[in-house]
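In the two complexes that follow, chain A is the common piece, with chain B as its partner first and chain C second.
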Partner chain A sequence: MNTHLLICHRPQVRNSWIKLLSGLLCASWLTTGLFSMPVLADDGGKGLQIATERKKRDEGWKDSESKTTMVLRNAQGEESTREIRSISLEVANDGDKGLTIFDEPKDVRGTAFLNHSHTGKPDDQWLYLPSVKRVKRIASRNKSGPFMASEFAYEDLSSFELEKFKFTWLRDEQLNGEAVFVVEQVPLDEFSGYSKSVVWIDQAEYRARKIEFYDRKNALLKTLVMSDYKQYLNKYWRPLKLQMTNHQTGKSTDLLVRDIEFGKGRTDADFDTNALQRSR
Partner chain B sequence: MQLNICWVLCAAALAAVTPSHAATIGPVTGNETLWSLARAARGDAPYSMYQAIVALQQKNPTAFIGNNVHHVKLGAVLELPTAAEIAAVDALSAEQKVEADAVAWRQWVATRQTSGGTAQGAVAVRKTGGLSSQATAALARQVQQQSKAVPVLLAAPAETPAAVAEAAPVSAASAPLAPLPPEPSAPDIAEAPAVLTREPRSDWTERLQTDTTLGLDWRWFAKRGLQGQSRSALSGSALVEWYWQSEDERSSWTVSPYLRWDQRDSERNLVDLRQAYWLSVGDGWEFKAGVDKIFWGVTESIHLVDIINQTDWVDAVDGESKLGQPLLQLNLSGDWGNLQSFVLPYFRERTLSGEQGRLRLPLPVLVDDAVYQSSREQQHVDLALRYSQQIDQIDLALSYFTGTNRDPRFMPVGQGSAVVPYYEQMQQWGLEGQWIVDSWIWKLEAIRRSSDIDNFTAAVAGFEYTNVGVFDSAVDLGWLLEYQYDNRGQFAPVPGQRDLFAGVRVALNDEAGSELLFGIAQDLQNGGTRSGMLEASMRFSNNLRLRLDAWFFQTMSLQQPTWWFRQDDYIQLGFDYYF
Partner chain C sequence: MNHPWLDNSVKRPWLAVFLVLLVTVLFSWGAKNLYFRGDFRIFFSADNPQMQAFERMQAQFNKSDNMLVAVLPAEGDVFTPEVLTVVKKLTDAAWQTPYSLRVDSITNFQHTEAQEDDLLVEDLLLDVADISAEKISKIKEVVLNEPALLKRLVSADGGMTAVNITVQLPEKDQNKEVADVYSSVAALTEQLAKEHPTVSFKLAGVIALNNAFTAEAQHDASALVPLMFVTIIVLLALMLRSALAALAVVIIIILTISSTLGLAGWAGIFLSTATVNVPTLVMTLAVADSVHLIASCQFLMRQGQSKPDAIRQAMLINTMPVFITSATTAVGFLTLNFSEVPILRDFGNMVAVGVMLAWLLTILLLPALLALLPISAGHDSKAFGGMDRLAEFVIRRPGPILIGTVLLTLAGGYLTLQNRVNDEAVKYFSTQTEYRQAVDLLEEKLGGVSLMDFAIESGGESGVNDPAFIAAIDAFGDYLQTLPEVTHVSRISDTYKRLNKSMHGDDPAFYRLPESQELAAQYLLMYEMSLPFGLDLSNQLDMDKSATKVGITMQNLGSKEMTAIEDKTIAWFRQQYPQYSIEASSTALMFAHIGERNMASMMQSLPLAAVLISALLVLSLRSWKLGTISLLPNMIPALLGFGVWQLLSGEINLGLSVVASMSLGIIVDDTVHFLAKYQHARQDGRNAEDAVRYAFHSVGWALVVTTVVLVIGFSVLLLSDFRLNSDMGLLTGIILLIALIVDFLFLPAVLLKLDRKAYSPAPAATHPNGV
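Presenting the complex of A and B:
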């Protein structure tokens, strides 16, 4: 996913009980540590080449913020919504940092989630619980858990890093009249909830348009469609709409992103535990 | 109402615009701001200002350079879109376009700033002259008014070029600019200061955030009290939080009053300021003055190190509810770690159950007659320091406190017919450690406390282990195990001397956010002594959460503090309403 818009969060927090969710988020932890170099596939390196270009085109954005409405839909079509705000900091040669504040449902308002994602070691994650004014550190190993009871797993919302996958180019084809690359990504993290994902990347701008996720039993689990792409700073494309459909449960989640801003001059100090306690 | 007022202001602001036929507007000048525009957009108008702006641009494609809404040609006469045309613009994408155009505009200015010469820039400013987002705003406003069929009378004093130049946005005028924009030659161009890119925050009231929580709780006890108290009690509470942040995000005010009423026990009635402080933030420092809650610690079953705030004991048996503490706080942070220092100029007394309350001591407590070791009593100034550092997967903190002990002792008075709380002076060193290993978090808290009455060491250590998505479901399980130690042994006035706490936490990860925590603390030296707790909650709607809490206390030993609670097992049902 091409999104740094959203960061990592932990929902149903109420008192401290969330930390339990140990889901990992924006993580990029390679469990063995051996894979700090991208892994070559037998496609002549084309898959990695495409992924590298995709990553390259999204470098240099420094910091951003956004607001997101999540629309959760069950198999009967009943909807509920969540509201979150996120700020992100690009970190060179490592995973990004993110701070997410929950606004709705109102019983979790003020709860904030801080994530320092890393490549090559576990993420650092903290949760701020406003009722007891406590910052809790969270074990971040497992990243396959649902994000705010949605169809998005924490790992779906993490920043895209080359060190996380083995890439294989499958074919070129047309998607909605546009030329796309179809690339398979096999996660290198053994704690990923997926055996693989297949990504449709447009050849014009190297934006991920569609991703199919396969579960550990190699059955199609979910499809993510990203649309309403908008360009910022004349360079960075962000999808304003992300629709995830779970084929096994019939549930779906839409993320509607708005008010994206770049270049607010955020620094590391906006992403430490002091800042987490101050966040509103 | 707000919108109508704005329109009056807008009409005044439009004094610079030539009177025109209803279907056109202009030539444009720039005396208004996008701020007021955005504010108007938040009113109850049928269309947003964004829609109006974009509709105007679509109607007059040649009047905007590069299709950017912020690049209005100076002196352009614009045709006004109809209400239907405005309505046809998608509000969300309009907003996004206006924002994106502002970003593009900023970039464009930046480009020009780096490539342009000063002298030429000055010329350029005069030439492109000041027609700005402000002009855009005025236009949009007028469009909006037109579309609502509100007649607007426009006065038309002719503007001199000099006046126009002076009205140029500061951001453009103060920076050296290249003589011409990169767009196709356009002699007169208006530039926007791109202030629309964020929520309008010019008005301080718009940066004020108000959150309210109302609680209703019903406690039901399994037995009548040892002193014959009632088996059930109803209580209600209200917590309001006002939060205001300055525009530069460097300082803020927080005020949070709390009210509680109890049906049976007047000692549970409370008016408190949980928070009321001013906070200022700089590079590597934070300063706070006022009343706040500060939490120290890492463990779950007991909070040994946590010392700044007094416990609101009657609110919650687990001791996690705290009274607001007056304080001055300075935080310093850097690569070397984080240092918090506190001056605590006033002491808060613990809340304790009254005669009609449950979970009380056998004798009445005369809370209004508390005795202090210090002659300054509640005015004794306490001091505290805490240094913390994170080293990869390890967190460490060392703390020191000197001042009035938050935990009262009880002295008999009146031939033993009652007791009064006694607050001694003490010093406490605290250590917190935490180590994250995969799905395990290992935790340690230890204190060394000294007073004229005793010196002791206490510690709690254990782990939290998390199973995510058990049995292929979304359910997460967390396992807690903590050992509580106090070197005073059986003489310790606290339950956890050689006790083992085991707990499990269940998060269903469902839409209702259902979760549950169940735990038991077993005394390892006194097999018949244990206590247990259950906390469960689920969301009913966006605004409503239902809670179920339960506690039980078992002991056969008169020496145990929980001896006096042995008939106080209870279930508490609560509703929290948030708005």
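Presenting the complex of A and C:
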């Protein structure tokens, strides 16, 4: 059911995870048919209301493309960069679809990652390896691991779905002079790497501005800060800068998103395993 | 001469007590700044090259601070439903360990397997509900054939397995962090042992090592210091035959120790396994000053002097010798500043300051205390007869004594050179300690637990995917496996091979390195995308994949063997692959190097200590000749002591490397006292024989008593389970005993042979003149 996306410039490029990302940030809740009812928390349902509104405001974007520079930084401040392109497709009544193509480092150029996000079951994932010209399904329940050795876990980039969490509104407060909701999200998937996350959502546009991730021993693990929000199609907000800092290792990863385009007419056919083999 | 402080102390003792207390309270207040550090890094200064290499590697790859939990089934088989259940439970629960980054075990090993045309990457045992006879035999086959696990996390016979918990401490309050990690894992294993009585657990790894440093220091502080205190009080009461006189000394000791610790606090020094025994040593060394003064005072009172006169007189005749003996002791400890080990420098400085404080407090406060307390005069000792007979013995046979000493010294010198420097952090702990037992068990079961890591740079981003580089890593690993000391090699090339096989339908023929950089990179990318939280490759590959870490496990080796392997393996790699750069590091390697470096620096400082201390002697005796003669009896004890040590152990660790210069400053005291009496008699016109008799009679017994106190003081350290402390205590005690014998036999014999010429009369009555 929902997605949003980012884009790719070059026609052959598509990518999925950024969409996921943005899904996380500003997803909207489109369709009505939930597979499972969200769990109600003891905040009178306010957390879920906020999440539902957040989702709703990001629905209807259909498809998008984008380019992203990923900057990895270790505790000493040394940097390493990667280049990726993404395309995303909004899916009604299920998680979004996404395709990510790697341009840098050179030895993985052309490798493409296809993801079908789901609301009621584990996501389906495939990887196209140009060196063997084959598509491999990643038959793994592991979604908590790092994405391309970055500080982003795959699940951080997956599309934002109401069915994946139990929401609890914690408080309202000011963040950098803006009124925000602070909502706790407890993942319902036992294979999540987190015990919970706390999201700061601005009250004006229901955009996620900051997320704190807590590891399974409930210690603060990472903080994600989203900034440089830009509005597209007069409706959909996308952050152009996402900074994830790991507090335990001192490492960080920045995602610098550019060239976001909507409405490129992508269809399901662009997101099946055959399309994966054609991606470049 | 005018002595306003002394005169006032005797006349207005309360004022002196008040002023001294005021200052000592100010000093002691600094103790609030004291804190304790137990991590192994305290042995290394910031500019230590091995430490820097270690820190570089920790920064480049994820930290390697760990807890290694050995799981030991009573029936000797890991591959049973119960034991695998325990390992799985332990693995899952271990993620709750504070500051944990990852947990590795045989159950969460990320096994790769071809499934139709797909790659399955999954925990080897994902769910205990899956356990069946078939599953167990599959797990056993994988585990016992997996190079990443065999002899690392499972013993070759399948009788023991281990769970490795990697932690990254925030290092804000390291001591508490270590304790938190250790107690969390200890509680977990105790709980599991209760639920599964047939399985036992042992805790090793860097965190357990750090915890052991702390635990042993706390043991020393809580057991040794009070014991030493009681011992000193008993000895004092016996020697002075006056409880109140003993009380006066105890007050001095308490003020000395609290001021020493307080000043350390003001100076920003922390407490550690080394410095925790400073109170014990200061106590031992401080006692001598007061005893000399009180005994002298009691002697004068027995001669019929009034108490105030006796105090005044005793102070005047003892101030100089007490200063000299304190100063030489302090100089000996100050030479520890040449040590490579920061905590040994702290130890030396704290004891040196303590000794000088004891001197100050003795001359400033003791007169007032003696004036205030109704001290008894005691009574004459009956031991002088023995001393007189000893004097006659030496006077009759100086020749044989000299020859005998020279021969013994030559033998001692030879044996001393046979000692070898050896520092293994594991062996710092006695076999009584839990940590040592855990490591010994792991060593026995796995064949080795000493680690060494090599960081190898390919020279460019993504360079580790270059087939030539992977082949180099693989060949290096093969070479390392040919070394008999090496029990396990962990290298990224094994992962590439395993992936290649799994990507080809698990065909064993494809258990080989990928042919192109693209293949290698894409296999690795696929694998990385499949790994769960915490189990990524950042412990083996750096951020931009330009470097990899090769880890080896070895049998427990001495520091020489350890550094030899480092040199040999690095030389091999550099010769074979000059295009790549390599660096080795590990905590074991750091300790292997520190012993040698420290010994080298201490050997350089020893002549300086000898020169400084001899200069003090020449000054105090005002005689070049006696000062020079005194060099021999001060050097011989260390040679003989280290010779004896060669027979006892033959291994010199960090604690022993400082004993030579440290003990020099202490043993010189005996010589000072003996020579002062001897010189006094000569200047009174007696010949050498009579002067020796006089020296024995007047100071012999006091030397026996102070040596006994010192030997007992250092022997208390023997009760420490921390060998740096117990070995230091033992060897210093041996050297002090030898020094007494040398001063009683060799020194008078030398004087009888070399100092025949009559003395000119003494210039004035200001010569040293102790008890």
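Note that the second predicted complex is superposed on the first by the 244 of 280 C-alpha atoms of A that agree within 3 Å, B and C clash if a C-alpha of one lies under 4 Å from a C-alpha of the other, contacts with A are read in each partner's own complex, and residues count from 1 in each chain.
Criterion: a contact is a pair of C-beta atoms (placed from the backbone, for glycine too) under 8 Å apart; a residue touches a chain by one contact, two chains touch by 3 or more.
Quantities reported herein were computed from a predicted structural model and do not represent experimental measurements.
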Practice item. Please work out whether A:Phe113 is in contact with chain B alone, chain C alone, both, or neither, and reply first, second, both or neither. Key: second
Check your understanding: Looking at the overlay, does A:Leu89 come into contact with chain B only (first), chain C only (second), both, or neither?
Key -> neither
Review point. So, A:Asp272: does it touch chain B (first), chain C (second), both, or neither?
Key: first
Review point. On chain A, which partner's contacts cover more residues, chain B's or chain C's?
Key: B
Check your understanding: Between chain B (first) and chain C (second), which does A:Leu99 come into contact with in this model arrangement: first, second, both, or neither?
Key -> neither
Practice item. For A:Arg258, decide between first (touching chain B), second (touching chain C), both and neither. Key: first
Check your understanding: Is A:Ala219 touching the first partner chain B, the second partner chain C, both, or neither of them?
Key -> second
Exercise for review: Quick one: classify A:Gln76 as touching chain B (first), chain C (second), both or neither.
Suggested key: second
**Study point:** Which of chain B and chain C A:Gly145 touches, first, second, both or neither
**Key:** both
Exercise for review: Considering only touches as defined above, state whether A:Ala208 meets chain B (first), chain C (second), both or neither.
Suggested key: neither
Point to revise | Contact residues common to both interfaces of chain A (with chain B and with chain C) | key: 72, 74, 80, 105-108, 132, 134, 137-142, 144-146, 149, 193
Practice item. Using the touch rule from the top, collect the residues of chain C that touch chain A in their complex. Key: 59-60, 62-63, 95-101, 115, 117-122, 168, 170, 461-462, 465, 503, 516-523, 525-526, 528-538, 541-545
Exercise for review: Please give the residue numbers of chain A that touch chain B in the complex, ascending.
Suggested key: 11-12, 14-23, 72, 74, 80-81, 104-110, 121-122, 124, 132-135, 137-142, 144-146, 149, 193, 228, 230-234, 240, 258-262, 269, 272-274, 278, 280
Review point. Okay, in this complex, where on chain A does chain C touch?
Key: 72-76, 78, 80, 102, 105-108, 111, 113, 125, 127, 129-132, 134, 136-149, 153-154, 191, 193, 215-217, 219, 248-249, 251
Exercise for review: Could you please specify the touching residues of chain B with respect to chain A in the complex?
Suggested key: 92-93, 95-96, 99-100, 103-104, 107, 197-199, 209, 211, 243, 245, 252, 279, 281, 283-284, 286, 292-295, 297-298, 300, 320, 322, 331, 333, 338, 390, 392-393, 395, 434, 436, 438-441, 464, 466, 468-469, 474, 476-478, 505, 507, 509-511, 513-517, 535, 537, 539, 542-545, 576, 578-579
